[in-house]
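What follows is one structure encoded as structure tokens, with my remarks underneath.
Chain naming follows the written order as A, B, C and D, and within any one chain the residues start at number 1.
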Amino acid sequence: MNEKLLDIKNLTIHYITDDGVVKAVNGIDIELNKGETLGLVGETGAGKTTTALGIMRLVPNPPGKILSGEITFEGKDLLKLPEGEMRKIRGNKISMIFQDPMTSLNPVMTVGEQLAEVIQIHEGLSNEEAIEKAKKMLEMVGIPGERHTDYPHQFSGGMKQRVVIAIALACNPQLLIADEPTTALDVTIQAQVLDLMKRLKEEFNTAMILITHDLGVVAEVCDKVAIMYAGEIVESASLEDLFEKPKHPYTLGLFGSIPNLEEEVERLNPIKGLMPDPTNLPSGCPFHPRCPKAKDICKIQVPKTTDLGNGHKVRCLIYEGLVEA
Amino acid sequence: MLKSRKLLAVLALMLSFVFVMTGCGKGSNQATEGGKDSIIVAQGADAKSLDPHATNDQPSSRVMKQIYNTLINTNEDMQIVPGLAESWEQKDEKTWVFNLRKGVKFHNGEELKASDVKFTLERMLASDKVNHIVEAIAKVEAPEDYKVVITLKEPFAPILAHLSHTAASILNEKAVKEAGDNYGQKPVGTGPFKFVAWQSGDKIELEAFNEYFEGAPKIKKITFRNVAEGSARTMGLETGEIDIAYDVEPVDKERVKNNDKLTLVEEPSLSVAYIGFNTNKEPFNKKEVRQAINYAINRDDIIAAVLNGAAEKAGAPIGPKVFGHNPNIKPYEYNVQKAKELLKQAGLEKGFKTTIWTNDNPVRVQIAQIVQAQLKEIGIDVKIETLEWGSYLDRTGRGEHDMFILGWVTVTGDADYGLYALYHSSQKGGAGNRSFYENKKVDELLDKAKATNDSKEREKLYHEIQEIVVEDAPVANLYYQTQNVGMQKAIKGFRLHPAGHHRLYNVSY
Amino acid sequence: MANVANLQTADVKKTKKRSMWVEVARRMAKNKMAMVGLGIIVVLVLLALFADVIAPYEEVVIKQNLSMRLKGPSAEHWLGTDEFGRDIFARIIHGARVSLKVGIVAVGISIFIGGSLGAIAAYYGGKVDNLIMRFMDILLAVPSILLAIAIVSALGSSLFNLMLAIGISSVPSYARIVRASVLSIKDQEFIEAARAIGANDFIIITRHIIPNALAPVIVQGTLGVAGAILSTAGLSFIGLGIQPPAPEWGSMLAGGRAYLREAWHVTTFPGLVIMITILALNLLGDGLRDALDPKLKQ
Amino acid sequence: MRKYITRRLLMLIPVILGVTFIVFSIMYMTPGDPAQMILGESAPESAVKALREKMGLNDPFIVQYGRFVKNAIMGDFGRSYATKKEVFAEIFARFPATLQLASVGVLVAVLIGVPVGIISATKQYSLFDSVAMLLALLGVSMPNFWQGLMYILLFSVTLGWLPSGGYGSFKHFILPALTLGTSTAAVIARMTRSSMLEVIRQDYIRTARAKGVEEKKVILKHALKNALIPIITVVGLQFGHLLGGAVLTETVYSWPGIGRLLVDAIKQKDTPMVQATVVFIAVTFSIVNLAVDILYAYVDPRIKSQYK
């Protein structure tokens, strides 16, 4: 159970555009064991999706560029694989579910074709066999198999996301990256889809990186959590540790901005200010302009990762003892 | 997957369709080197109809000339020679008798009979388009199989010349009746070549008629191609795609001459180019103004610049190839001083503003520009207006113009055709007299000359008419254009006909 | 109080609009190709404006000198002379006036007529829309060359009639563009809001809808100027263009085609100038399109 | 689908009626007397008058138009004033030349334009992209007739490889098709590029890549089909225009197509010919449009479902 599946070290991804360099991901580390689920949490623009695309090696280039780092998957560094090898991994060992089911299916191909395609590529089945398997996959996600000849526009949003999930799981991947798989859906559908993912993940023993900004979803599904801010992972821990003992001021801020049903509070405490401009990140700790506990040193000193034990890591000068909490 | 395969099928179908269609345009008579028995002739427009009574345009006539014969021919030297009529005699002032050649075959196998001639001329008289050519005829009789008697309304001296007009080509009664409305696309004549096919807008194919009464022609096949761009005709000659090109552009003449595979034949034609004045309008109602403009135009410049020298300065309104031409009339000299004096006499020493009209014919447009520049020298401010051909004819016919540029071809080669329409007061407007010129004396002389049978006497009358007309200057005659034909050097037996429709019977490679 | 409120909203609107155009200009300035296009157009406009200073019209552009016919480029005549011995360079510069004017006015005419019809059709919808758009379909089905010939021969051949003819033949495409963009705008909230405060149709159309539908029209217009210049040249080629001796690029090209081989420069330079102008307008139009539609750029 | 096609064809009727009315009005209002044109410049005025009367040209406009519509409904569009040929017989005699040139021209354009557009889009901002797009722009910017003259000068006169004009064999096709093809290719390449750029950015392309689909397949299978609608539109529009006759190209290459037929007829004030040609062009154009719309349904199932 504790076999290491994915080990990301010092991954840095920048987008180089006419308007400047967008520092999307700045030296992050992620570890994931087989069958484990990691929640990657952060505001819009924190670099979550770029991280995911980085793992898939699908960062659009130009303008995106993976500047440094290692992504070790099953002992191989994905960043050093030739494109052909990488293609064999995509959709097969690592697959990805994108944010918007409305736009992630090809509108001019039947869902059956789209499902069968991934099966054919990786399992070398004949046309008929692939279609058969596609039908089975559809049934598995709760869609009648005979609808494989339908086009995406004939499905509802929730059903489309089921199809996307079916495509992602068609080849029993070791790792599933789900990029906000439920944000575009109705609340009731969200729950159904989450349930489905949870069930299938357990059935296939798939590891998962769940990208979301919704801590509620994280609490329901994940084993581990990593909090991202401005392209850095500011805190990572097991689910219990993070929820019970959040350390980083940003994490604390996130919890402060969730309504709590159990406690009556006068008003929520949202984090002040906005995400920094990624082309022009603040010096020192990138969170310092918004941090309620920031001191002068935070503007200069870049925090290092502090290991608090039990896999609980945090990047904040407070835990380096340089700033008083 | 299935869908895209269907799409592919549709595409393939479309493709094969295109290629089948392409294949349909069978390999035409490609120009090849060596002793050929077919020739390709290029002219600037497609024929309109091959029914001589349906049209009177040059491109059609040039084709019809090969298909049909007329009773009488005017040869390349403008002499009247026998055609389908072996001989003829004038019984009295108004009666002519024609004896037909025997054993002449039409392309449909019928033999030529006097009844065909009667039918033809009567049909011609009923045609709106060409009846004016034979309007002098009162009746046509066919008393015997090979004898035709033509009675005129009044004495009309140039009747023989008019009967040699291609519009008076003799048709076969049976063929015309069989074809009905479509006769123009199924012509049947007695000529050396018979009609084969017509790809509209592109080409007309003729082939030798082996039973032709003068003997089968040497060339087996003639293709008339429609090549509108003058430069393209020359290029076609150079590349060998075209054997004979009519009307080589003036600028291209040197190129043809200097090419050792090609020759250029050039000769004066029956046409005159002129600038007409609206004598009904101020200030062109003043003779001095009209003469002044005549003096102010430098004809040499026009001929050099626009025609590359391919013309002769014009004095008299009919050229030297036309019967009745007065060789003593010299062109108005280029004399700006004199022009100014004349304007002063007319009380217009300060000049005036006026317009000159032309159609979109590039030669005329260029002439207009040169004349505009030249008249500026004597203070006349001319605006050029280019009109589309239809409105040009219509509006000059109605007399809305100040000045205009036109040409006239005396197709029959007889002074009557060239002078009557242009200067007789009964012909004002659309009939030809677009300068609205009126002179009692000229009217009288024109009528008299028309009815005079003695040719010496007629000639004298026409000489006098031309003197008056040139002095009165209702128009400024510019030049007699030389016509030319460019062809492959290997071609023999080609002669230019002054009227422009060259006979290809004697041509060979 | 009411005044103050008005003032404020006006201010807000103004700054918003200005910033949009500033942003567009900023994006344009970054597009090298569009700037090259703009540069060429500016040079042409300047040449056209100062044409008389560079080469006097009567003496150089119009006056013939038959002894200097068809001379190749030289120090005296940079681009050679034409069939009447006139300086081609001078005629091209003066021709820029005519060609640019024809292009701009013709497009102005089509934008005005087509734009109004399109806006009316979209705004009122229903029967009006149907009627106008079917009429546009009919107009589209009549070959533009017939329209042009008809207008020129019915109204006489003048520069304005030529512009009118070319303008009218592209009315349907502007009607369609404007209709489409008005349709997408008219149901948006700010129109509802304007109506709620009692603005009438005229004010809504002129103040709100037209400015917002402008972007695609500007792009199409830039390209349309190019198209109109090409059409004029084409009409000149088949003998229906500007009246001589006025210099116009298309008629220079058409007039010189007989000398294609004797004097290459007579057609080559006007042809090149047409090509460069169209190219510049296209570059500019493409640049504008990209700048107005940031979606297209990543 | 059949219902949809029928409805579209029925909609043609008012359009054609409108077209005939406009054309008839234009021909009626423009100066120039058909009778005079038939008889030529040297016909006596009495003959012109008689012919006018015979042709019914003196009747009021509405009577003349009514007569035309009545005859047209009976299938009789009349005979050409100039050539006395039946107008549709003449049009059908000319149409193959136009159809062939338009088809080959568009074929050339598609074969060049679509691949260039695709490569340009996939290699946006590369050297190939810049050069190809500059060439495409030049193709759009070069007046067709000038381009035609230059080709003749080079390929026929200087090199002597191809005929300078005319109609008939395959060789005659090459230059006109090239002239039409290159300028049309430019338009198609530009449209393909921008359409592909739009599509390549879509999420489903990323999905396809995430499935491990080969890049070539991603572009040709997933992207191209989605990018096809605007490309088909442009190809259809160009084809429709070319079917109406490319007057300038036809003139330069002495090509006996519809375009020259129309221009000649207009210049000769040959009303029946103009009328029939314009109706023919309008119908062809509409049919091509309809074909394009039907093609949409094959390409895009979303559109197909709308037609039902």
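Here is the rule we go by: a contact is a pair of C-beta atoms (placed from the backbone, for glycine too) under 8 Å apart; a residue touches a chain by one contact, two chains touch by 3 or more.
Keep in mind that this is a model prediction, so the values were computed, not measured.
Think of the whole protein's Cα atoms as having one middle point; the chain whose own Cα middle lies nearest to it is D. The interface holding more C-beta pairs in contact, when C-D is weighed against A-D, is C-D. Relative to the C-alpha centre of chain B, the farthest chain centre belongs to A. Centroid to centroid, with C-alpha atoms defining each point, chain C and chain D lie 23 Å apart.
Put simply, the C-alpha centre of chain A and that of chain B have 87 angstrom between them. With centres defined as mean CA coordinates, chain D is found 53 Å away from chain A. Residue positions of chain D touching 2 or more other chains, listed in rising order: 30-32, 157, 225, 251, 267, 299.
Residue positions of chain C touching 2 or more other chains: 149, 153, 257, 260-261, 298. Partner chain C is touched in their complex by these residues of chain D: 14-16, 18-19, 22-23, 26-27, 29-32, 137-138, 140-146, 149, 153, 157, 194, 197-198, 201, 244-245, 247-248, 251, 259, 262-263, 266-267, 274, 278, 281-282, 285-286.
Interface residues of chain C, counted against chain B in their complex, comprise 62-64, 66, 69, 83-84, 149, 152-153, 156-157, 239-240, 243-245, 255, 257-262.
Within the complex formed with chain D, the chain B residues making contact are 3-4, 6-7, 10, 14-15, 17-18, 21-22, 24-28, 30, 46, 48-49, 51, 54-57, 128-129, 131-132, 181-182, 184-185, 199-203, 225-229, 232, 235-236, 238-239, 241, 388-391, 393-395, 397, 406, 421, 427, 429-432. By the touch criterion stated above, chain B contacts chain C in their complex at residues 229-231, 249, 251-252, 255, 301, 304-305, 360, 362, 365-366, 368-370, 372-373, 383-388, 390-391.
Residues 125, 202-204, 206-214, 222, 225-226, 299-302, 305 of chain D are the ones that touch chain A when the two sit in their complex.
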